[in-house]
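Here's the structure, in C-alpha cells; my notes come after.
Order of writing sets the chain letters: A, B and C. Residues in each chain are counted from 1.
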Amino acid sequence: MSITKRECVAGALACLWVLGSVGAASAQLELKILAPAAPGGGWDGTARAMQQVLTATGIGKGVQVTNVPGAGGSIGLAQFVNTAKGDPNQLMVNGFVMVGSLISNKSPVTLSMVTPIARLTAEAEVIVVPATSPIQSATDLVAAMKADIAKVTFAGGSAGGVDHILAGLLAGTVGLDGSKVNYVPFSGGGEALAALLSGRVSAGISGWGEFEGQVKAGKLRAIAVTSPERLPGNPTPTLREQGIALDLLNWRSVMAAPGISAEQKKTLSDAIDRMVKSKEWKDILAQRGWDDAYLPEPAFGEFLKNEQGRVEAVLKSVGLVK
Amino acid sequence: MESFYALISGFAVALTAANLLYASIGVLLGTAVGVLPGIGPAVTVALLLPITFKLDPSGSLIMFAGIYYGAMYGGSTTSILINTPGESASMATALQGNLMAKSGRAGPALATSAIGSFFAGLIATAGIAFLAPWMVKFAVQFGPEDYFALMVVAFVTVSATFGDSPLKGLISLFCGLALGLIGIDKLTGQSRLTFGLPELLDGVEVTTLAVGLFAIGEAMFVVSRRRSVEEIMPMTGSLWMSKADWKRSWKPWLRGTLFGFPIGALPAGGAEIPTFLSYSTEKRLSKHPEEWDTIGAIEGVAGPEAANNASVAGTLVPLLSLGLPTSATAAILLAGFQQFGLNPGPLLFAEKPDLVWGLIASLFIANAMLVVLNLPLVGIWVKLLKIPTPWLYAGILMFAAMGSIATKGSIAELLMLLVFGVLGFLMRRYDYPVAPMVVGLILGPMAESQFRRALQISIGDPLVLVQSPIAATLLGIAFLALVAPFIAGGLSRFKAQED
Amino acid sequence: MSLSTSAPKGRDKPAIIVGFLLLALAGVLWSDAVNLSRVAAYGIGPAVMPKMIAGGLVLLGLLSILSGLRQNGKAPEPADFGPVGILVIGFLLLTAIIGFGGGFIAGMAVLFAITAFAFGRRAPLVDLALGLVLSALIYLLFSKLLTLSLPQGPLERLFS
C-alpha cells in the first residue's frame, strides 16, 4: 500500500521536474557534469544549476550530474583526469577551495591537467567582529595583530580553506608572520557564529551570506569585504580602501576534460557562454544570491595560474605546506 | 501569551489545504528516505531544493520540515528491524530495539519509538515556540571548553554499552578512538593515518562503521551459526504496547526529551550525545537490568528515540532565532530560506511572523501526521520480518551496501564496509561489544577538536577548561557519574552488613 | 603463529592475539604521530591525541595478554566459515561489478542472489531475478526522484 502512495508522490514530483525543463533547440550537447562534492554543497549546487539552465535553454540535453565527493575535491578531480580524458562531453565544476586542497593534500593530479573553460560565480569574503569589540576597522584589526598577534583569534571554516587563506594573506600583506596567525577552524558556520556572538574570538571570516543576518541585526560589525569594489547595496568598505592591498574572491568555475582538441574546447566554451548569457542563468544567480563573475578563456587560465601561485605561497607561510 | 496568539495564527497558515498537502508529501518522502541508510534528510532536502523553488516559500519550507521529521522516524525503523542504523543518532536505538525485535517484540519497540518521537517532538516544538529566545542566549554562551566538558559527560556514559567485560568494552572503545584519528586533522589540516590514500582523507564515516559492524557483521554471524542454531525472529506477543510497556516508556520519553532538546539547541550539540546520555541513564535507572543483555529493554528504545527527535527540534531553535545552522540539514534549510530571499536570524520573527509561526505550527502537524502514518505501518513493518531468512538477509545486505554506494559511490567505501563487517563478525564471535567502537568514533574527534580549540583560543592556558561555570558544572556531573556506582555499591554492601 | 602450538590448555588464545594486535595498532599510531610536522602555533598539536590513544592501546594490549595467560577462554560456539566466505565473495563481486562499470543494478542483484545462497536457498536464478527487480526499483527511486548519481552500467542505460 505504502509503495503505491510513495510512487504517486514520486510521479507528482517527477512531473514538476519535467515541467521545469521543457525546451529544445538544435545542436544539443549531451553533457555530463561532475561535481567533486557530496550532494547539497556549493559545487553540487552549481553543477545542478548548470544542468537546469543548459536543459531549459536547450543548449544541452540529457545533462547528467555525477557526485564524486572527498578530500576537498581531490578525489573527484583524480577521477575526472583518469576517466574523462579526451571526452568532449564532460565538464567538472570546481573552485578556489580546490586549489588549496590539492596543494595541502599533496594530490598527484593538478588543475593544470584539465582544460579550463570559464569562471562562473564568485563570493566576496567578509571580516567581522562582535558588535561590542573595540575594533572598528581593518586598520584597527591590523594594529591589534601587530600589538600581539597571538591574542587576535580568527574564527572561520576548515584549515587550509578560503577563510584560512584570507587570514594568512592578511598577515602577509601587512608584513606579519603568517604562521603566527591564531586561526581557529570551526566545522560548521553555526559554531563559528556562536563563538563570535559570545565574544570568545576577536574576529570572524566567512562569505558575506553567512554573516549577513547578524550584521543587519547589529550583533556583528562588518569591518571589511575582500572584493576589489564595494558590494552593491552594502556600505562595508573594502580592504583596499583601508590601505590593505589585498583582494580575494571565493570563485567557482567549470573545467573540461584533459586532452580535448581546440575545436572541442571552443564548442564547450561557446555553450557555457550562451548559458551564462541566458535569462535562466541570471534568474538562478539572483535566486541563490550568487554574484556573476564570468571570466572566459584565455583570461581565466591566466587568472587560475595566478591564484595557484598565490595560494601555494600563503599555504607555505601559514605552515600547511612545507 | 503573545507567542500563543502568534502560534494560533500560525496554525491558520499551516492548516490550509495546500500546506497540509506539502506537509504530507514531506513526511512521506522523509519516511521513505529515512528508511534508506546513508540517505539522510540533508541530502534529500538538498536534492529537492530546485523542485520546491516552484512552490511558494511557506509551502516548501513546510515540506522540508516534514522531510526533516519524517526522516528521523524512518531511521529508527531500520535500526529496530534489521539493525541497520541509517544515521549515527539511531545507533542507540538499534542496541535495544533490535534485541527486542529478535525476541519477537518488534511491534512494541516500533510503537514506543513512534509514540516517543511524537511525544518528544510535541514537547520540543512547544519549546521552540515558547522558549527559543531564552534558550538561544544560553546556547550561544557554550564555548569549546563547555563542549569538551559535555563530551566528558558523554564518555562517562559509554560503559553502559560495554556488556559484561569492562576490558573488552574498553578495547572496543579505544579501537573506535583510533579509527576516529584517520583523516585530515580539523585544526591544522594535516592528514593523519591516511597512508597516502586520498580516500582516507575525509576519515571513516560513522554510518559505514555502524552499518558494517551492526548489519553486515551480524549477517555473517548468523550465517556462521545457521546449522547449529534455530531460525530466528519468531513473532510472539502483542503487536502493540501493553499496559506495562506504556508504564515503562513514559518516563524515558520525558527524560529523553529533556536531554535532546537543550543539547540539540547547542550550536555543536548534535543528536548523538543526547541519545547516548539517555541510553545510559535508562540503563542505570532500569528496574529490569536483566533484559538489557538478553531480550532488550523497552526503556532503551523509548529514551534514545525521544532524545533523537527532541534534538532535531532543538536544532531549529538557533536556526530560526539566530540563523545559525547547527546540523547539515539545518544548513540546507537555511539555504532553502535564502533561496526565497529570507534571512533567518534575529529579524525573521519580526519580519515574517506568519512564515515562522506557520513553520512551527506545521511542525506540530507533521508530527501528528507521522504518528498517524507510522502506527498503522508498524503492522506492515513487522510482517517484513516474516520474509524467509535468506531473502531477509539478502535484503539487509543490499540496504547496507546501498547507503555507501548512493552517497559516496566509491569502491574504497564498499571495501571499508566489508572490512568492518568482518571485524563485526569476529567481535561478535569472541564476545567483544561493538557499540563502544562506534561511540569512540563519534565522540573521539568531537572531544579532541573542542579540547584543542579551547586551548588555542586561550593560547595554551589549561585553566580555561575549568574556569567556565558551565564546564565546571558538567565536569562535576561527570565525576559524580563516575564515582556514584562505587559509592552506591559500597553503601549497599554496608547496608547488607548492617542487616 | 607460534602461539597456536605453544599455548597449553587453560589459556585464552584469542585474548592473547587481540593483545598483540593492539600493541601493533599502537605502534602504527605512534609512528604516524611522530612523523607529523608540528604546525600548531597555539594550544596542542595534532600528534598529542594519537600518542595518548596509542598509550591507552598499549595498556589495554598488555592487560588483554595478561588476562589471556591467566584464565581459561570460553571456547566459541562451533561455526560454519563456508557461508561467511560466500558472503564475503558476494560483497567483493558487488565491488568488482561496480568498479568495472557493470552498474548498480547488476551488482546489487548479484549480492542479493549470493547472500540468499549463503543462507541456504538453492534457487539462484529466481533470486537473481528477484534481486534485479528490487534493485531496478531502488535505482529508479534514487536516480529519477532524488536525482542521485548511482554507478552506471548497461542496465542503467536502458532507463535513461
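Assume a residue touches a chain if its C-beta (ideal position, glycine included) is under 8 Å from a C-beta of that chain, and two chains touch if they have at least 3 such contacts.
Nothing here was measured: the structure is a model prediction, and the numbers come from that model.
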- [ ] Just say which it is for the chain contacts: an open line, a closed ring, a star, complete, or other.
- [x] complete
TODO: Any chance you could check whether B-C or A-C wins on number of contacting C-beta pairs?
DONE: B-C
Open item on the list: Please identify the chain lying most centrally, where each chain is represented by the average of its Cα atoms.
Closed with: B
Task: Distance from the mean Cα position of subunit B to that of subunit A, given in whole angstrom - done: 31
- [ ] List the centre-to-centre spacing of subunit B and subunit C in whole Å, with centres computed as mean CA coordinates.
- [x] 23
TODO: Go ahead and note the Å separation of the Cα centroids belonging to subunit A and subunit C.
DONE: 36
Task: Sites on subunit A at which at least two other chains make contact - done: 13, 17, 39, 48, 66-67, 150, 182, 320
- [ ] Could you list the positions in subunit C whose residues touch two or more of the other chains?
- [x] 37, 39, 42, 141, 147-149
Open item on the list: Touching at least two other chains at once: which residues of subunit B meet that condition?
Closed with: 32, 43, 47-48, 185, 187-188, 190, 409, 453, 456, 459
TODO: Sort out for me which residues of subunit B touch subunit C in the complex.
DONE: 32-33, 39, 43-44, 47-48, 167, 170-171, 174-175, 177-178, 181, 185, 187-188, 190, 192-193, 216, 219-220, 223-228, 388-391, 393-395, 397-398, 401-402, 405-406, 409, 411, 414-415, 417-418, 421-422, 425, 429-432, 444, 448, 452-456, 458-460
Task: Touching residues on subunit A, where the partner in the complex is subunit B - done: 1-2, 5-6, 9, 12-13, 16-17, 19-20, 38-40, 44-45, 48-49, 52, 66-72, 74-75, 78, 104-105, 107, 150-151, 153, 158-160, 164, 182, 184-191, 193-195, 197-198, 200-201, 209, 212-214, 216-217, 219, 287-289, 320
TODO: Write out the stretch or stretches of subunit B touching subunit A in their complex.
DONE: 25, 28-29, 32, 42-43, 45-48, 50-51, 53-54, 139-144, 184-191, 198-199, 201-202, 267-268, 318, 322-328, 330-332, 335, 338-339, 343-348, 377, 380, 407-410, 449, 453, 456-457, 459
Open item on the list: Could you list, by residue number, the parts of subunit A that touch subunit C in their complex?
Closed with: 10, 13-14, 17, 39, 48, 62, 64-67, 150, 179-182, 319-320, 322
TODO: Show which residues of subunit C lie in contact with subunit A when the two form their complex.
DONE: 37, 39, 41-42, 141, 144-145, 147-149, 160
